Amino acid sequence: MNTFGQIFRITSFGESHGRGIGVVVDGCPAGLALDLNAIQEDLERRRPGQSRITTQRKEPDQFEILSGTVDNVTTGAPIACMVWNKDQRSKDYSHIEQKFRPSHADYTYFKKYGLRDHRGGGRSSARETIARVIGGGIAKQLLALKFGIQIDAWVAAVGTVEMERYWDKAMELTTENAKIVRCPDEEKADAMVAAIEAARKAGDSLGGIVACRASNVPVGLGEPIYGKLHALLGAAMLGINAVKGFEIGSGFNGARMKGSDHNDQFYTDDEGRIRTRTNYSGGVQGGISNGENIEFRVAFKPTSTLMRDQDSVDAEGKSTVVKGKGRHDPCVVPRAVPIVEAMAALVLADLYLLNLGRQV
Amino acid sequence: MNTFGQIFRITSFGESHGRGIGVVVDGCPAGLALDLNAIQEDLERRRPGQSRITTQRKEPDQFEILSGTVDNVTTGAPIACMVWNKDQRSKDYSHIEQKFRPSHADYTYFKKYGLRDHRGGGRSSARETIARVIGGGIAKQLLALKFGIQIDAWVAAVGTVEMERYWDKAMELTTENAKIVRCPDEEKADAMVAAIEAARKAGDSLGGIVACRASNVPVGLGEPIYGKLHALLGAAMLGINAVKGFEIGSGFNGARMKGSDHNDQFYTDDEGRIRTRTNYSGGVQGGISNGENIEFRVAFKPTSTLMRDQDSVDAEGKSTVVKGKGRHDPCVVPRAVPIVEAMAALVLADLYLLNLGRQV
Amino acid sequence: MNTFGQIFRITSFGESHGRGIGVVVDGCPAGLALDLNAIQEDLERRRPGQSRITTQRKEPDQFEILSGTVDNVTTGAPIACMVWNKDQRSKDYSHIEQKFRPSHADYTYFKKYGLRDHRGGGRSSARETIARVIGGGIAKQLLALKFGIQIDAWVAAVGTVEMERYWDKAMELTTENAKIVRCPDEEKADAMVAAIEAARKAGDSLGGIVACRASNVPVGLGEPIYGKLHALLGAAMLGINAVKGFEIGSGFNGARMKGSDHNDQFYTDDEGRIRTRTNYSGGVQGGISNGENIEFRVAFKPTSTLMRDQDSVDAEGKSTVVKGKGRHDPCVVPRAVPIVEAMAALVLADLYLLNLGRQV
Amino acid sequence: MNTFGQIFRITSFGESHGRGIGVVVDGCPAGLALDLNAIQEDLERRRPGQSRITTQRKEPDQFEILSGTVDNVTTGAPIACMVWNKDQRSKDYSHIEQKFRPSHADYTYFKKYGLRDHRGGGRSSARETIARVIGGGIAKQLLALKFGIQIDAWVAAVGTVEMERYWDKAMELTTENAKIVRCPDEEKADAMVAAIEAARKAGDSLGGIVACRASNVPVGLGEPIYGKLHALLGAAMLGINAVKGFEIGSGFNGARMKGSDHNDQFYTDDEGRIRTRTNYSGGVQGGISNGENIEFRVAFKPTSTLMRDQDSVDAEGKSTVVKGKGRHDPCVVPRAVPIVEAMAALVLADLYLLNLGRQV
């Protein structure tokens, strides 16, 4: 369904080529003074046309609040926000009205619903993620206010260019390439940008990996048995367009380790806090946050739209050829960074509210 | 929370060292004639003591139905099932009553709830997965009856011993080692068993990877935007004890591919069905099943309980040493196979019921 | 929360004196060709200023669709609709900014949220019911298409003027007074209009009862145990502003009857359908529709806003006097009629979708 | 479905003539020391055979806890409880195996599920309310501990014998008849008992009204818009077998009052608390508790099972005659008292947990 979360929850609506994209944020505590600029900045990091390595569609993606605040302070009422669509070129999609683009959602939506909104992928467009970035932006501010939680994501891999694990460093983007590709390793950032530009020239596309870290998370978030913190994070991330994999802490590498290497030893630090010496658990044990940084990685497949001919079929099952038109990202992972952060914030805000009242 | 699913849903209860483990299955259609033996067989594949590479605890894990059927046919009422505990040795756990075992849920449960049921991990014990295997067993039978869906999981890796991708082959376990480790590659199965036995002797443990395939899945299962099929599968798998990663189709490898290699071309087969030539999508496009096999992989960390000394702290934060007693699996992945299948079945059964009524 | 329903569900947002009132309808099957005029007509029946016995605020309450349709046909995507606010006079409310109006939600919202949107009651305003009328209007069309379900509500009582039970008659409003007060009994309608006008002149207000009937409902809607049809209907009605009571079938009168009079005898009609000779059950037995007309009644308290001085307290607990300003209904029940119908439609549409798949 | 509540929630299972009735209570805070006797006492007030005016079936209804506690203290894990069936006489029901009893759920269950568990009504039996009494018993203890909330229900009417409104008096049952019929008015209690005995002799049955009051409820419980306190209470009560109506505060009588009489004036009491001089609101304004006593009434229809011949049809639609056998209550309302209290406690406990975190 189009609602995410149990108490702090968002309901998303809108299509890429309709009136706009909207979100209703329900369950946000009253009295939160919203920093609208911070939310808009996250939208800027998500929007197309922001740099030379993203699609050149120009969408300002300015959001407005329709309800739920007085003087930008939340009242406890549902907060509806909207980004009106501006720069859609529906005609860019008329060529695929009767065709199924490979590895897109065209075919499955058509079969599920008996019809299809072909303009820009309709509801399956990544433009829907605007709703998540706004909702997550509000969640981030709640988490920062209550606990000082900080959520940072970055690009850990583009195609075969992959940086080292980076969990404990400050998130700094120093060079131009580091900034546009959102990778803190300067050399790797250069290589990533080069790879993306090469893919664009070839009419091809690349995937990649986004890493994310949440710090200052209190102990106790996450609900056994089916509401484990990393299970909800996984669902949140796998629900982002183009995501094919999720791992927390040691992840798939951890499956290759011995227990004697993998176990995170407890110790008591100078301030009397119980900590772990390593963090292969990724900040989660038994599905519940243990106070260490929450660390996870998200795998994105290469963009499905290619600027070259691809064999496919049409709605009647006849062979046809599809070629991308319009303006598309050869690699979505740089723009996915704020989406990953937003979804992480939504999960943590919801689990924070669920965790109230767990003890008499 | 302890309920999983929206329409076809299970509610799990019970602890490893209490009266037993139970499950309430709600939303199962009426008129399903249950094959109890098939469910019991799945429990046999899950239970401890089943082979020389698993823990030697002897638990028969015989289940009984408490409600919801007449002559083993479902009536539409909630189906409650129970496995009574038999072979618990709570004293095996008295030595850790005041200690936090590394990479276990001891510390996080204690902080979340203010108290802790230390016997066998209480609620965080893998024994809870009995509830899932029973619920999933009923779901499997519903899916088989309605669509002929077949769900098979197997062990794809133990520690560093990893078999090739295997998606399109029939699931056959021919040798003794293949059977007990649940890996269809005979040579790899031998190596896996050897690795597990070596780990046991060293008082150490191993992780691994379980692969799973669902075939004959109809097109259309999965709900945009936040109820994507692979997002729900991911949440289901990451909710299993010791799981650190999930990937569908190409997964993390897909992040390294080019779009021109990764896209799954559509074609129409001899029977007029629209198919894809490759299946990097893993049977899911846009969050909705496309009729190809659903293929995913699940990463398990090495067992946390080790038969050797480990540094840790106690409830007061003081340094202490923990050493496993009792009977534990040096590697849980062979026993995890039916659990992975069960959770997959629960997700598919729920999405089947949710998908009814998507068109007028 | 602000979401109603499980599968066919609405999420409501907006305040009486903010940007407008909106609703997101999720779970509506794809392929439903919407009759927008029918929905607008329900909004006309709800809107203020429609007749001489309602508030004289002039709000056109024109709705627009923001998402979820192509050429007014539903696509399966969430349908967002909006009515923009036009004729708010926030200054009409400045006099009560620091005061708690008796029997309003001012005090409880203030205590719950720590702040209060005093303009027009903010979120607690009956203007929110626009969201329900739109959502219910879509549900009505789904129910009419699938089963020919017809839902009619009318005013059964205004203050002490009460008409006879009327369940089996066609809903016809013949005279001017019958039309504006929505009571099919011409004489009673005259008396009701007179009572409302007298209350207005006295600066006082009246309550009343709305009766509602749904016909052509198939057997089988309603979910044991906690999702009984009349329990969900009751929750839906009691969630409407000013409602203090709900009864199905014989209701409170039924409590005074003998079983031998109250039991609805089964018989088989000429078409071979199993029917009941009486309908004290109100169309629901064991929480499930039995194919007879669903009949229920809803009690509304008198409007809380009075055009006369009332003693009260302010936010600091000091004595004060409150007097209504602005434009208010001396009796809300005529305008409540389409709201009752809408909520009934939402419940039935949701239960229809939930009832799919109850048998293998 | 068979789950009630959002955070504090119960899942019910079991049939009247199967193995027993069970309940899983999820979301109860950890650290609550349960008074098992108090829960058992509520079960005693519910059980059949407790007095000469109830059915003479002898069911001890002893409950046992299967999970979720250590030394009767809740651990945060789901609390499963069970009452095993003892004194079922399934043969008492063989005569109705193929018949639909008037005003029972036989026909609707049969049509909904395609089959029917005829023994004792199967799932639709009032025996299911054991699950609610246990769950509500735990909720009561949580509410008492946190706020000193006290919930008292009593019989306000049996058939046409109705006592005066009684909201502000202490709940005392002084005479034998007052105790068994649970009506605090001694004279009315005598008349009620006489009426029930007369109905029994005539092979007939009676309905009645249960009134309920919750005191010491804090301000702020209840969620706008669709989770209003009285809407959830209404759904809870209407979900009890045989209930046909619900009213809060002034209820249906309030619909006949003028606003100037009905409005509850605010004042500040000697302790500085804001109170209302009257309580026509029934303790709820805008769907949120205002700190006054919560007062509501529940209408029960007369028992459907009669010890006399009634015309009906069988599963093939042919005319037949049905006559009650077995042991049934001529009037259920005395036994419904603890059920009403339990459902009220479940609603309040859930709303208490939902209300945490409504302000930053």
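Letters A, B, C and D name the chains as they come in the text, with residue numbers starting at 1 for each one.
Everything that follows uses one rule, which is that contacts are C-beta pairs under 8 Å (C-beta built on N, C-alpha and C of every residue); 3 or more make two chains touch, one makes a residue touch a chain.
Since we're looking at a predicted model, the values are computed, not measured.
Can you name the chains that touch subunit A as well as subunit D?
Looking at subunit D and subunit A together, the chains touching each of them are B, C.
Look at the interfaces A-B and B-D and say which one is made up of more C-beta pairs in contact.
A-B
Using C-alpha centroids, which chain lies at the maximum separation from subunit C?
The most remote chain is B.
What is the distance, in whole Å, between the centres of subunit B and subunit D, each centre taken as the mean of its C-alpha atoms?
That gives a centre separation of 39 Å.
Where the centres are mean C-alpha positions, what is the separation of subunit B from subunit C, in Å?
About 46 Å, centre to centre.
What is the distance, in whole Å, between the centres of subunit A and subunit B, each centre taken as the mean of its C-alpha atoms?
Comparing mean C-alpha positions, subunit B is 26 Å from subunit A.
Of all the residues in subunit C, which ones touch at least 2 other chains?
Touching at least two other chains: 1-3, 12, 30-31, 76-77, 109, 112-114, 123, 224, 358-359.
Per the contact definition, I'd like the list of subunit B residues that touch subunit D in the complex.
Counting only subunit B, the residues touching subunit D are 1-3, 9, 11-15, 18-20, 22, 24, 26-27, 30-31, 66-68, 70, 73, 75-80, 82, 109, 112-117, 122-123.
Give the list of subunit D residues in touch with subunit C in this complex.
Listed in rising order, the residues are 1-4, 12, 100, 102-105, 107-109, 111-114, 123-124, 128, 157, 159-160, 199, 204-209, 219-220, 222-228, 230-239, 244-252, 254-260, 262-268, 272, 274, 276, 280-282, 285-290, 299-306, 308, 310-313, 317-319, 355, 358-359.
Subunit D touches which residues of subunit A in the complex?
Interface residues on subunit A, with respect to subunit D: 6-7, 29-32, 74, 76-77, 142, 145-146, 224, 352-354, 356-360.
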